[in-house]
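Each of the two complexes below includes subunit A, the first together with subunit B, the second together with subunit C.
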Partner chain A sequence: MSAEAVAARPWRRKLVPYFQAGPLTLVLALFLIFPIVTIVIVSFFDYNSVQIIPAFILDNYRDVLFSKVTWQTYLNTFGYVIVVWAITLFIGFWIAYFLVFHIRTNTIRIACFLLTTIPFWTSNIIRMISWIPLLGRNGLVNALLLHAGVTGHPLEFLLYSPFSVVVAFVHLNTFFMIVPISNTMARIDKSLIEAARDANASGWQILTNVVIPLSKTGIAIGSIFIFTVVMGDFATVNVMSGGQSASVGLMMRNEMSELQYPAAAANAVVLLVIMLLIVSAIVRLVDIRKEL
Partner chain B sequence: MKIDHGLPGKGKAYARRAGSVSRRGLLKGGAAIAGAAIGSGAISGFPTIWAQNIKDVTLRQFGTGTSDLNEIATKVKEDLGFTLQLGVLDTDAVMQRAATQPDSYDIADIEYFSTKKVYPTGVMQPIEVKKIKLFDKIVPIFITGKLTPESKIAQGTAPHTVEFVEGKDSKKFAKAPTEWATLVPTIYNADTLGIRPDLVGRPIKNWKDLVDPAFKGKAAILNIPGIGIMDAAMVCESLGEIKYGDKGNMTKEEIDKTLGKLTEFKKAGQFRAFWKDFTESVNLMASGEVVIQSMWSPAVAAVRSKGIPCIYQPLEEGYRAWGSGLGLAAHLNGLQLDAAYEYLNWYLSGWVGGFLNRQGYYSAMLDTAKQNMSADEWGFWMEGKPAQGDILSPQGKVMEKAGAVRDGGSFYERMGHVVCWNSTMDEDRYMVQKWNEFIAA
Partner chain C sequence: MAFRDERRPFSFYLLATGFALYVLFLYGPTITITVLSFQGPDGGLTFPMNGTSTHWFANLFERQAVGDFEGSIRRSLILGLMVMVLTVTISIAAGLAYRKGFRGETPLFYLSMASLIIPSILVSLGIGLMFQLIGLHPTWYGSALGAQLTWTLPFGLLIMFAVFNRFNPSYEEAGRDLGATAWQNLRHVVLPIIAPSVFGVALFGFTLSYDEFPRTLMTGGTFNTLPLEIMAMTTSVTTPVLYALGTVTTGISLTVIIVCLGTAFVIQRRRAARGSDAGRGV
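Up next, the complex of A and B:
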């Protein structure tokens, strides 16, 4: 259809954007909004050990919000989030920095970038489980330390501990920091850095006054990824802590496996609200739209 | 839909297949002697359904890895002609799926303590006892709760308490046997602690040894609330810390005390891990991360088959037992339902029984299982006798060398010392909540 034809029928032109946005709206409504609404509704239902009873009660929220365990579990999960976030940010930032500023040819940069995706060639579960023979009591690391005489007895904290949970999280998720940060870094105008150098700025000053402020959006996006992934996780915490540590996701899974869907739904709604608060705080701090 | 049951002696089967005397025809004609002459495979008397389209029937069954084995599906195709599709999930997931997705299966292979939760939701239909030919030969544990007339009924969700419902449309469990069964019992066993004899360094005799400080950081317990709570209770009772009225149906106070005690041990670093899937327990034991833990019989066999010593240690206090059976989904009808009954009857007819017994479980129909095992196998697995030759797994792998004796001894020695069953308690909701707190602590 030619431009004139569209111009001739203004009502049609008005409709075009709606049609363009239509498919995505439909998909989101069906696969995002509908499930969330269902979860919210179910979270007010009653239940016993055999069935879910449609009702409107606040008991599920009372159980979630006033239980000591919920608070402990959230605290524990926040602990993981903060530690994992700090480590992945540190590692991710420097890998991105190296990729963008130290590698000169684009070909090698792309090759190196692909190298960072190698862990993603196998499944999440396999990447997790492969830590077990490495960190176990009779694992490679302990065998090495014993042989080298560093310790007299195997280190128990290496596996089935908060330590191993963090190791696995960092291994699984650093990539989500590298990608957005290197993306924003690559857009930094190199002449800005030259100008800073001309103005006699030290390397540290260039980093803190130029590179970090201009990478803020990437850092924010990476942080959102890490927060959401770690807050909602249950598999990593379960496998790497030997089922001994709690996370919010694991708490929900336990409830679901005992058919306590309304309790799990209430938990999910609370988690969703907390995540929305965190994400909106990040978005308030950093203008992510700049990146888009 | 054409179904012809081809009753023996009617000669109907002959008429239908005039000219080509098939194995089916002979059997259905009541010519048992001729049937026997054709081959031992025919003695079982299957299939008994006569329908052209039986081959198109597919029954979807799901359950735990314990008994949902491909060999069984293959044999069903061979003997009965229809297709059995298997799905394997963990214990919790089986219960969840049975209750919440009733259209996704035709036959549920489910544990008795789960049945207590699942059956009242109305997703299953009762089984007509008179259609199960060998029902009266089933081990009495499932019918009266007593292995022998003198036995004491164990605590917990004993299978016979949820075996029958009051009527065809009733969801209420009957106190005494009726014509309507919830499940056809298939498989059960007596569970205890598994140990690494090379690493524990001393004889293990009691449940309380699980929390002995000597095994700090080297013990594990399973994380399925209905089963784990019973192991926990066995430990607390053995320690002399708690006296239970009925540990299979604890009061809130007893639940608090039990899990409070366990939380103390957890905080002191007694446990290395909590496992949910039996392969996890195999890995924990084989790698030496754990030297004493709650364990299931095939897990012990799996560790041993790697050449690593592992004992399914009988304990003074007795065993914790479990049992499973096959139940019919509410939506089954017509030819599919006939096929399902055919399958249930076939299940008890011996081949599966022998197959399960040879893995260290027990079949609910021992008479027919015996016919499918060699005298040596029967002696080793059931009578506690030393093996004459090597004992092979159903897959043909050597499980035990000649001379070996089964841990715990004979069937009556093991099942006779069951003190509790896996359980769904009246305070179930409270217990699960507290169990989660224990895991989170």
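Up next, the complex of A and C:
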């Protein structure tokens, strides 16, 4: 349609963005909203060993909330969340700091940034498996430690243990911290830092009084990512612990493979509620809308 | 901090070392299994190398070693391309909608972000159950395609936001003044300017789909995609064929990464060389 036609029919012009946003809305409605509604509905269903039975019972929730296993699993998962969060925040913050404040040319900054991003575009499972020849009983790390005389016998806790789960989590997900933090840091007005220096602030004071407070939004967004990724994970815990550690996602996965869908659904609803609470707490603490 | 005429402070060397170690941590394991995938026929899952061979790569194509390598890699490549095309189209369209503004834009944005952070296993379970209740059979090109889009579209949308935030609308105004229709403006003004970022969206679309498994888990139907096949192998396969598979899939991902980033880079360079002002807005 020509410019005059558009001017002549403003209602058509007003409709255009709705058509443009339509496909996205449709995909999210069909494959996100409806499925979540389905989960909520099925969480009240009954089931036996072969099928799920439409019903309205609260047994699934009772089983989830009053089972000691659930609480222990949540505790274990929160343990992973806190450890992984602390490590990825530390690494992510300093990498972002290095890229934003120490790299002098834009080309090198983009190159370094890509270097940290490229693995994100490759297979997660393969990257988990890649730790086997390094951390295994006869792996490279043990060989090095034995050779250096640090230990007299191969360390068993390196692979198929909570240790290797944390290593893999950090390996796979630090990217989620680096991106939002460096994004926020890059927007810090450099003259603020000069001003702090002129006012005789030490490097440490500039860091704690200028850089960290102004990076809060990025830290919050990164934290939300790490929290949700670790909280809902099943594959990393399963592969890296050799099936010996528990997580909420893995608990659901096991129920799903035993066709106990209503139980898995009740678990999913509980997980979703807990995540909503924590994410909204983070959002309330730090206004992440500033970032958009 | 970083001023060209200044001497590098001590903290620079400290952080540079830290960065180098992080890069080693990121790439070390992948490099290790790439080397180990060339193990000799009698070699095991760890060092030392027992000779070198391409035995394990040949092994990939034997049906008993890997469940259905050829079928699953074919499905994953086709699915990746479908997700890529849809992610690019839908993200650009949504990005354009957000430039004009529409009622419901805020809820749609929050929904997209929710899609990004809701655990994949929930999406998988939900779509699987939904199909079961309606009585539809899940398929890799239907339900799994939809499941993967809930993962790739938020990334596409965020990239489009970043692009259009820096987009100078006067280019389109100039186009309109010259009598361009809305469609011509999109085709000849907007798309060429955002082209490099479109390759970025395509890169996310393809690679995230090609490697995706938690959302495909309950939505893939009868036939496995490659990541599901690999997932099943992790428990049953104890030979370096697993590493050979890793080398092949990583190689495919790297090829796509290089093609997409390379194209984006070439477009930028050409523009700079021609001295065209197209793209300055981006």
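We adopt the following convention: the second predicted complex is superposed on the first by the 265 of 292 C-alpha atoms of A that agree within 3 Å, B and C clash if a C-alpha of one lies under 4 Å from a C-alpha of the other, contacts with A are read in each partner's own complex, and residues count from 1 in each chain.
By our rule, a contact is a pair of C-beta atoms (placed from the backbone, for glycine too) under 8 Å apart; a residue touches a chain by one contact, two chains touch by 3 or more.
Only a predicted model underlies this, so the values are computations on that prediction, with no experimental measurement involved.
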{"item": "First (subunit B), second (subunit C), both or neither touched by A:69", "value": "first"}
{"item": "Subunit A residues touched - subunit C or subunit B, whichever exceeds", "value": "C"}
{"item": "Subunit B versus subunit C as contact partner of A:169, first or second or both or neither", "value": "neither"}
{"item": "Which of subunit B and subunit C A:136 touches, first, second, both or neither", "value": "both"}
{"item": "First (subunit B), second (subunit C), both or neither touched by A:44", "value": "neither"}
{"item": "Contacts of A:159 with subunit B and subunit C, given as first, second, both or neither", "value": "first"}
{"item": "Subunit B versus subunit C as contact partner of A:93, first or second or both or neither", "value": "neither"}
{"item": "Partner chain(s) touched by A:256 [first = subunit B, second = subunit C, both, neither]", "value": "both"}
{"item": "Subunit A positions touched by subunit B in one structure and by subunit C in the second", "value": "132-133, 136, 138, 256"}
{"item": "Subunit A residues touching subunit C - in the complex, by the definition given at the top", "value": "1-3, 6, 16-25, 27-28, 30-36, 38-39, 42, 52, 91, 94-95, 97-99, 101-104, 112, 114-116, 118-119, 121-134, 136, 138-140, 143, 171, 174, 190, 193, 203, 224-225, 228-229, 231-235, 239, 249, 252-253, 256, 261, 264-265, 268, 271-272, 275, 279, 292"}
{"item": "Residue numbers on subunit C that touch subunit A, as the complex places them", "value": "1-2, 4, 8-9, 11-12, 15-16, 18-19, 22-23, 25-30, 32-33, 36, 45-47, 89-91, 93-94, 96-98, 100-102, 104-105, 108-109, 111-112, 114-115, 117-123, 125-127, 129-130, 132-133, 146-147, 149-150, 153, 157, 161, 176, 179, 181-182, 203-204, 207-208, 210-211, 213-214, 217-218, 227, 230-231, 234, 242-243, 245-246, 249-250, 253-254, 256-257, 261"}
{"item": "Touching residues on subunit A, where the partner in the complex is subunit B", "value": "48-51, 63, 67, 69, 72-73, 76, 132-133, 136-138, 156, 159-160, 242-244, 246, 250-251, 254-260"}
{"item": "In the complex, subunit B residues that touch subunit A", "value": "92-93, 95-96, 99-100, 117-118, 120-121, 217, 220, 223, 225, 266, 271-276, 283-284, 287-289, 424, 428-429, 432-433, 435-437, 439-441"}
